[in-house]
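You will see two complexes here that share chain A, one where it goes with chain B and one where it goes with chain C.
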Partner chain A sequence: MRTTLAFAGMTLRSLLRRRTIYGILIVILLALSGIGQVPSFGVEGESTFIVDFGLFGLEIGAMLLAIGLASNIYPRDREQRTAMPLLAVPLSRGQYLGGRFLGAALVQAAALLLSVLGLMAILAIHGYAVPGDLVPAAFLLVVEGWFLLAVVFFFSFWTSPPLNAPLTLLLFIVSQMSVLQFVSLVPTAPGLMRTLRLILPHMDVFRIKDPIAHDFAVPDVYFLLAAFYGLAYTAFMLSVALAVFRTRDLK
Partner chain B sequence: MRRSPLPVFLLAASALLMASCRGVDYDIAEVASPDYTGLEDDHDDGHGDQDHDVLEGPGSEEEAAGDLHLHETGVRNHGTVWFFNQPWAASFIWVKIVRDSVVLLALACVVQVVSRPRRLRRHDP
Partner chain C sequence: MEDRPLDVSELTKTYRRSFGMKSHHAVDSVSFRVAPGEILGFLGPNGAGKTTTIKCILGLLRPTSGSASLWGLRPADPRVRARIGYVPENPDYEDSFTPMEFLRLFASMRGLDAGDAGLRRLLARVGLQGWESSRIRGFSKGMRQRLSLALALQSAPDLLIMDEPTGGLDPIARKEFRDIMLEERARGAAIFLSSHLLSEVETVCDRAVILSRGRKVREGALSDLLANEDRHRIVHLPPGGSSEDRIEETVDSSGLQDRIDAIRQSGGRILEVRPAFRSLEEVFLSAMGGDRG
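Up next is the complex of A and B:
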């Protein structure tokens, strides 16, 4: 475990040296401030609009962060031949994946929490009350980001970085669909489509922007359930990613 | 060279899922009981004068037919189905979320055990 944590620290430092994270973070914060600048024209409920679009923007930002942080880590290690000496002696493949994921997950969590603080600041500047559920929603957003990070790591072991982004985006879109919507894509094979939908993640579990924006109370236990689901799917994706990584020949 | 059994495992798992798939997954619109949806008699009885403030008046056909009406704020009705057909509002599928989480954790363990590289045994001469 100590080896994995030390490698996670190395990953954290290397990611903070890259400009990608700062670029994405600036884009997210600019988008949030843009949402805050839209005039209400006297219509009531502007805070609903800000929270709704703000949380939607943060969800998209979590996906962009995951792609920006993780899609290039393993391909770069392999191209620069740093993966071979690491895996030859000090690290097992599981420790390599664990360290890389942990480092990227810390960076992503910090960036997302900073973005949620930005959204709260925009609401406060405009004189609107900050919804109480925004704090647990922020942690659920972080869990969703970790899940997307695991998906990007999984794709990075068997696709190139340019293909990783569209595949992750496709999974993100498809996972938002209900069973009936997904089956309607290929109505001639409902059994196959239902099986595929069962395997694909239910990302609608993370969708809580609507009740928060419309000031509906979400039960506290639901946040725990959704976080448990997200962490379980993250563990599954990392497990499959490690299984794929074990079959990779680094020569 | 030893071939990984992972594809075989995934294929078998998919086949098992295929056989027992219908009704296992949760689409709230599909599995919700009429008690939850409360919409089975929405257009028969729910649009009566007792339950709604009908915006009557001269003008469009909708108004003439009495289709334009107001519901109480925050109540489930035919116009707010999209809002309440989300997992946070449908507590009857929370058990399935927990079930899926446990299955995923078990699958993660199985994948790890199946894909773990076997140590080569040393053959004594």
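Up next is the complex of A and C:
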């Protein structure tokens, strides 16, 4: 564990020294500040509008962060041969993946929490109270971000960075669909599509922007179960990613 | 755990190609061993399969068949990782880091308790004194090689695996690298040195394996490889001559006995008869020629 944590620290430092994270963070914060400037066109309450679009923007931001931070880590390590001395001597492949994931997850969490603070600041600037459930929603958003990060790592072991982004986006869209929406994609094979939907992640459990924006109370147990689901699926994705990584030759 | 640091047995790595193209045997049934405290030179032209073999030994590539074991264990075994140092060919590192940061991180990952003073000494040993806190971004190829060597030496490894370690170095730095190799051998470490710099191998290695197109074409102690079985050298004195008059001549082995008899019959005195030595370059080119022919 000590080895993995040390490598996570190295990953963390390395990511913080690259410009990518700051670029994505600026885009997210600019988008959030833009939401505060858009007229609500009669939507009931400007605060509802800001929270609704703000949380949606943060969800997209979580995906951008996952892609921006992780899609290039392994291909870059392989291309620049930095992976060779690491994997040859001090690290096992599990420790490499664990360290890289942990480092990226910490950077992503910090960026997302900073973005949530930005959303809270925009609400405050406009004179609105921060919804009570925004804090647990932020943590759920972080879990969703970690799940997406695991997905990006999984794809990065068998595809190129330009293909990683559309594949992650595709999974992001598909996993937001309801069973009915998913079955309607291939209506001729409803049984197969239902089974497939069952296996694919249900990222719709993280989508709680509507109740929060409209001030409906979300039970605490929901947050806990959704977080547990997200973390379990993240662990599953990382296990699959590791299984793929272990079969890969480092030419 | 076995005593032998490295045992490569019938190692084969084949790259399959798609669309009915022929498979490519990068390494083909290669076997050799490295004993404790010896330096084994691993020679071959570009594309001979040296780096592929090293990557199989380190567990970076999975062999198609055969095996590579270190002290009798799989390369991925943590007990093995703790005992080896690896100097890769053309190493590259996170260039926003400094050598000290890197050494600290590697020490931490290896569970070593290394203080900054020890790390500075290590950097000085490989010729990076004064560069401890400079970003690797500004380092030349040779300086990256030096850092690579420092990282490999950090854990005082029992086996050093070096892949073209002096490729980007100037002659002085090459000499420094060679000295470090000899120091490490004197400490008891075994060294597996892949190189196509024949002079380097000739200077430091105890044994050599020559690879060509993925196959082993020669193996042996350097003295045996360099010995020319077809030619012998005779050192003799002419009749009544003193040691200042000694004569050295090289003869074909087939005519060796006749020549010795002739010298004796003429009253001369044979001082020494030994196989004539070739240069490693001659051995290497002959191995390549034989393989290609």
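We take it that the second predicted complex is superposed on the first by the 245 of 251 C-alpha atoms of A that agree within 3 Å, B and C clash if a C-alpha of one lies under 4 Å from a C-alpha of the other, contacts with A are read in each partner's own complex, and residues count from 1 in each chain.
The rule we apply is simple: a residue touches a chain if its C-beta (ideal position, glycine included) is under 8 Å from a C-beta of that chain, and two chains touch if they have at least 3 such contacts.
Everything numeric in this text was worked out from a predicted model, so none of it was measured.
Once the two structures are overlaid on chain A, check if chain B and chain C clash or fit side by side.
With chain A aligned, chain B clears chain C, so fit.
State whether A:Pro85 touches chain B only (first), chain C only (second), both chains, or neither.
It touches chain C, and chain B stays clear.
Would you check which partner chain A:Thr3 touches, where first means chain B only, second means chain C only, and both and neither mean what they say?
second
Applying the touch criterion given at the start, work out whether A:Leu167 contacts chain B, chain C, both or neither, answering first, second, both or neither.
Touch status of A:Leu167: no partner.
Quick one: classify A:Ser239 as touching chain B (first), chain C (second), both or neither.
It touches chain B, and chain C stays clear.
Now for A:Arg194: first (chain B), second (chain C), both, or neither, which partner does it touch?
First partner only, chain B.
Spot which of chain B and chain C makes contact with more residues of chain A, would you?
Per-residue touch count on chain A favours B.
How many degrees apart are chain B and chain C as seen from chain A, counting from C-alpha centres and rounding to the nearest 10?
About 130 degrees between chain B and chain C, seen from chain A.
One more residue to check, A:Phe216. First (chain B), second (chain C), both or neither?
first
Regarding the shared-chain residue A:Met120, is it in contact with chain B (first), chain C (second), both, or neither?
Touch status of A:Met120: no partner.
Considering the aligned complexes, could you tell me the closest Cα pair distance between chain B and chain C in angstrom?
5
Which residues would you name on chain A as touching chain B in one complex and chain C in the other?
Looking at chain A, the two contact sets intersect at 247.
Touching chain A in the complex: which residues of chain B?
By the definition above, chain B touches chain A via 4, 6, 14, 17-18, 21-22, 24-30, 74, 83, 86-89, 91, 94, 97-98, 100-102, 104-105, 107-109, 111-112, 114-117.
Within their complex, state which residues of chain C touch chain A.
55, 58-62, 76, 78, 81, 84-86, 88, 90-94, 96-97, 101, 105-106, 108-111, 148, 151-152, 161
Inside the complex, what are the residues of chain A that reach chain B?
Touching chain B: residues 178-180, 191-192, 194-195, 197-199, 202, 204-205, 207-208, 210-211, 214, 216, 218-219, 221-222, 225-226, 228-229, 231-233, 235-236, 238-240, 242-243, 246-247 of chain A.
If you look only at chain A, which of its residues touch chain C in the complex?
The contact residues of chain A facing chain C are 2-3, 6-7, 9-10, 13-14, 17-18, 80-82, 84-85, 87-92, 247, 249-251.
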